[in-house]
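In order of appearance the chains are A, B, C and D, and numbering begins at 1 in each one.
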Amino acid sequence: MPGTADVALLRSMLRIRRFEEKCAELYSAGSIRGFLHLYIGEEAVAAGVMPNLEPDDAVVATYREHGHALARGLPMRAVMAEMFGRVDGCSHGRGGSMHLFDIGRRFFGGNAIVAAGIPTAVGLALADRMAGRTGRVTACFFGDGAVAEGAFHEAANLAALWQLPVLFCCENNYYAMGTALRRYESQTDLCLKAASYEIAAWPVDGMDVLAVRDAARHAVAAVRGGSGPVFLELRTYRYRAHSMYDPDRYRDRSEIEKWKERDPIPALSARLQEHGGLDPAGERALQDEVAAEIEDAVAFAEASPLEPVDDLERWVYSEAGTR
Amino acid sequence: MTTLREPLSTTASAASGDGDTTTYREAVGEAIREAMLADDRVFLMGEDVGAYGGAHGVSKGLLEEFGEERVRDTPLSENGFVGAGVGAALGGMRPIVEIMTVNFSLLALDQILNTAATVLHMSGGQAAVPLVIRMTTGGGRQLAAQHSHSLEGWYAHIPGLRVIAPATVGDARWMLGPALADPDPVVIFEHGMLYNASGTVGTGPVDISTAAVRRRGDDVTIAAYGGTVALAMQAADELAADGVQADVVDLRVLRPLDSATVADSVRRTHRLVVVDEGWRSGSLAAEVATRVHEDVFYELDAPVRRVCSAEVPLPYPRHLEQAALPSVARVVAACRALTGHG
Amino acid sequence: MTTLREPLSTTASAASGDGDTTTYREAVGEAIREAMLADDRVFLMGEDVGAYGGAHGVSKGLLEEFGEERVRDTPLSENGFVGAGVGAALGGMRPIVEIMTVNFSLLALDQILNTAATVLHMSGGQAAVPLVIRMTTGGGRQLAAQHSHSLEGWYAHIPGLRVIAPATVGDARWMLGPALADPDPVVIFEHGMLYNASGTVGTGPVDISTAAVRRRGDDVTIAAYGGTVALAMQAADELAADGVQADVVDLRVLRPLDSATVADSVRRTHRLVVVDEGWRSGSLAAEVATRVHEDVFYELDAPVRRVCSAEVPLPYPRHLEQAALPSVARVVAACRALTGHG
Amino acid sequence: MPGTADVALLRSMLRIRRFEEKCAELYSAGSIRGFLHLYIGEEAVAAGVMPNLEPDDAVVATYREHGHALARGLPMRAVMAEMFGRVDGCSHGRGGSMHLFDIGRRFFGGNAIVAAGIPTAVGLALADRMAGRTGRVTACFFGDGAVAEGAFHEAANLAALWQLPVLFCCENNYYAMGTALRRYESQTDLCLKAASYEIAAWPVDGMDVLAVRDAARHAVAAVRGGSGPVFLELRTYRYRAHSMYDPDRYRDRSEIEKWKERDPIPALSARLQEHGGLDPAGERALQDEVAAEIEDAVAFAEASPLEPVDDLERWVYSEAGTR
């Protein structure tokens, strides 16, 4: 039986999708620059995992992290202002799309070196353990491509060796930029990598937000219980190009279309309508609400000032008295 | 995008009749293609060099032309595939390993310093590594703090490497051949802002041991490399409008560093500005300045000036990024301060 | 082993009555112990810091005293455990991460530059990383081409880091406390030849922002750091026998580099020799020289001289290794050439 | 039935052991300096694997590689001269104990960065494949500790992905310096790491030289046949300290003694004597022969000159005309 929690999942996915569609538009218009990596198609992953986390838990993500930031509860205004590089951005405008941070919400970025956030996550979990903050979880999101990096392996071993409360969320969208998983991994069952460290690991249909939510619920409970890390392989797909620079020549359109048939947003919407959790008017209201939020965020970002050039060298070192 | 003008003079090719214009991107691609056609031992390996066409579009079409064996897409494993390149070179191949950007090359630095650059020496001269590593460098595209480094100076510190930084379309086209012919590892830096630059291809090969004087003038020397050569040329234009004539030296070969060409220029101009996109402290510009002070101290009218990047990880917003990077205005100001035309 | 004599003056502690003599090794170990006793958030992590007692014996006894949670032996995973240190620091701990030697730190450089040094900035000031990284550096023990690097200059190039190089037993004992109190990442270099050196502990804390004048003289300034400070002191002795009085500046803080103390000294001596165990081209010595040229050019009687390592991976045989490294004789010769006492 | 091949194995192990015992002596005497990592106890591994390789095959080893160099056929004189840092050393004296090279014998060192030789081996195998030199094998030796390094994982994936002829010889002596395997790997069955890349992997009793020889024979045949890499976990033990700097405080003497009971040298000797492959006189002759070879090697090394200091900067770059 779908309930309000499920409507919240739909809202969460819609917010991400519409936000990013707007970002793509704003990129073309020149308001957003640099790298822009869209999560469109993969929304069910962040939307499904995040509700299982508590405010005290921590999240580490990659350069493809708008969805995670929004699902984690960063205000859309602050995220959009960051995309614009404005002072009201969640990273004060310094980071842009790839470096969304909100330490208050324990959202530790936004790391654009593939796999480099994974050791950070292990360290955050280690800090929780050493400080006696039991029951806390650090969720770390990364792509299939990251599994080929040595950093993943070193970090996985540490987490398992020390039985740290890390939830590894591997977003397997089957491509690392333009290179297909089967062209860069000798063994494409990514759960086996985790298993070789004695980490419990299971695959999840990342196009089904309810499946993600349920799998993550179990995984988070296990991690929270102190039995060590868990690895989820969330099988999903990126509809858009890798970044705005990507000519997307390496895959068939038909492959994209096939995945789109399993789009998590209409699927959940249909399910909700079928089971009476949402009627067409409710859905329209939701769409309108999201559209309004985005419009408001854009207006906020546009109104937010640029940082004065004189402040260029701020934040290379902590300002006196920060701690 | 700044378009580099024709070099006024290069120490290389006898500035031939080949007036074809192309982009820096195409010039690099064509250089790779030519090398692969000429020598079966040459192959290209790196992340997304094949099906994607190269993160910067350099190798577009090469997979189709040469196949997967010789245009080898790799996993995201910088240390692993650079090391495999070292091994393949030891095994008699002539690999061109592309590291997508210098930012990721840190992950492979162990293989580059501790094996590629060192194994010849520690084997007593037996194990030469004829490896070419290409990587994109630099900022200016709002890619923020982790994707905008300019670490050429670090590589130029490593004994055993040759380090080159083609700044013109011609050098991009013609330096790869000699790099592949070099029995030792060569690191090539391609500035990300240059790929769209167009210019004439000229003829090659271009020598990879000397700097190139790109413009002649007697009032001040501007030494630059890679992405900052275009700034130096523009600054020289602005200065010329005021009657100040600048010599522009494109360092081009960062190791072994040809400081003699700079010193020669300074003997005429008595003033030097070094432009370097690296962070100021510990920059390659410091080495250039130090050598010039060492070699022609008594020729200098004033201490060498450096125009480098501010000591800050590059910020995302354009106005801040631009303020952090060397600019034409800062180069002009440094030259004016030296020539008393401030 | 060269024993460092008492500093003549330090900008730090009011040179107290504590005349206890100990080794550099013990001083570092005691500093760690004190920090762990004082603050539960402090812990030590690295390869063989526990059961083995530290590759250089620094942490002997700490595992027994503090247990496995706080003296944490790691797998051989430099990138992984340095990254975990960054995360633990973000999570509120105060980790001391030991990288066995600078040679292996290349494997962790991505975490150090792209995350530890950068995340504060790219988060707009939110994510401070109170991490201390210690590592052994330098040559002189015939450990050959892969185990003898001196890459302090590279670290000193990275915005966001503080880099220190204790050269005396006192600094080894007293710089760790302030390093741990620093809200940002601090990298500490311990020269492998110093561990057996003995000296007085003095009192602390020692300030980690300024260089220290170790000896006073008016004829020539010798600037050195880490393992080369002892050479500078010995050279000064030899020179004194000839009536040449050298000022010896122990740079000590390599980033932010306190070149002002060097410049002040040069204002008196008008001559500068920089001693640096790094390879000459692109050395930290180049930065020191450049700054002095920039700041006090007109005070200089002659260009700054550098005494650095030869540009060769360090060879195994002692006679070749010694020939490659800076030596007392080379420092003396450089000073003599400058003072006209050659 | 033991035959001359088995006597050769005994000779090979004896040469390594006596050579290293002499090196330890010479270290105390000051003729050898720097790091010295002894292989004593592990001889069966190099001695058992190496006879399966052909001259065209390649070998990559670590800083603990005296045994591999000798078993590969580097002249003991050249190896000893290298320990002394003399010009007649196999690396011209530049490398010392940790950097033994002989490119003519396709012995590619002597890499003292843990795990760093593994990508080199993968590249050598790649070169063989690309140049059409089918049937060649590259054998790569490394310790258990190396498996924790990202470099191992990146290289293993490449070798398996590209089906390269690499024989991974993991010398599991249960310690990385002073840290026991179970204290640094969450899953101590190292074959599982290889398996997660679809690399055939099996454990071998590294204290039984015949078992090693036989296992390696099968493995080399498989690799030579072109079916991709194989991983051998060779279970062995280091009797001596990690290096001459190591106070060896991290393990019980009794553990060492237990392993010594399985020492491969007396075991093979006894077996040979039992089955008539060797009589006491033959064994004495073998011992004498080895002792004489070592004496000769030391004399050779002592007589070999030091390189002139003026040559210091040689071999940073290739000398003109080298290729």
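By our rule, a contact is a pair of C-beta atoms (placed from the backbone, for glycine too) under 8 Å apart; a residue touches a chain by one contact, two chains touch by 3 or more.
Since the model is a prediction, treat every value here as computed from it, not as a measurement.
**Q** Comparing residue numbers, which of B-D, A-C or A-B shares more than half of the contact pairs of C-D?
**A** Equivalent chain pair to C-D in B-D, A-C or A-B: A-B.
**Q** Could you quickly compare B-D and A-B and let me know which has more C-beta contacts?
**A** If we tally the C-beta pairs in contact for B-D and A-B, the bigger total goes to B-D.
**Q** Using mean CA coordinates as chain centres, what's the subunit A-subunit D distance in Å?
**A** Subunit A and subunit D have C-alpha centres separated by 46 Å.
**Q** Which integer distance in Å separates the CA centroid of subunit A from that of subunit C?
**A** Whole-Å distance between the two chain centres: 41.
**Q** Which integer distance in Å separates the CA centroid of subunit A from that of subunit B?
**A** Each chain reduced to its C-alpha mean, subunit A and subunit B end up 36 Å apart.
**Q** Pull out every residue in subunit D that's touching 2 or more other chains.
**A** 93-95, 99, 111, 113, 148-151, 153-154, 157, 161, 184-185, 316, in rising order.
**Q** Would you give the residues of subunit B that are in contact with at least 2 other chains, written as numbers and ranges?
**A** Where subunit B meets two or more other chains at a single residue, that happens at 74-75, 77, 79-80, 103-104, 107, 110, 114, 121-122, 144-146, 159-160, 311-313, 315.
**Q** Enumerate the contact residues on subunit C facing subunit A in the complex.
**A** Counting only subunit C, the residues touching subunit A are 41, 43, 69-70, 74-75, 77, 79-93, 95, 110-111, 114-115, 119-128, 130, 159-160, 162, 183-184.
**Q** Under the stated contact criterion, what part of subunit B meets subunit A in this complex?
**A** It comes out as residues 47-48, 50-53, 55, 57, 73-80, 103-104, 107, 141-147, 310-313, 315-320, 323-324.
**Q** Considering only the defined contacts, which subunit D positions touch subunit B in the complex?
**A** Going by the criterion above, the answer is residues 58, 60, 89-95, 99, 101-103, 108-111, 113, 116, 118-128, 130-131, 150-151, 153-155, 157-158, 161, 314-319, 322-323.
**Q** Which residues of subunit C touch subunit B in the complex?
**A** The contact residues of subunit C facing subunit B are 79, 103-104, 106-107, 109-110, 113-114, 117-118, 121-122, 144-146, 149, 153-154, 156-160, 255-257, 278-279, 281-287, 289-290, 293-294, 297, 302-306, 311-313, 315.
**Q** Under the definition above, what is the set of subunit D residues touching subunit C in their complex?
**A** It comes out as residues 33-35, 85-86, 93-96, 98-99, 111-115, 145-146, 148-151, 176-180, 183-185, 245-247, 249-250, 306-307, 309, 312-313, 316.
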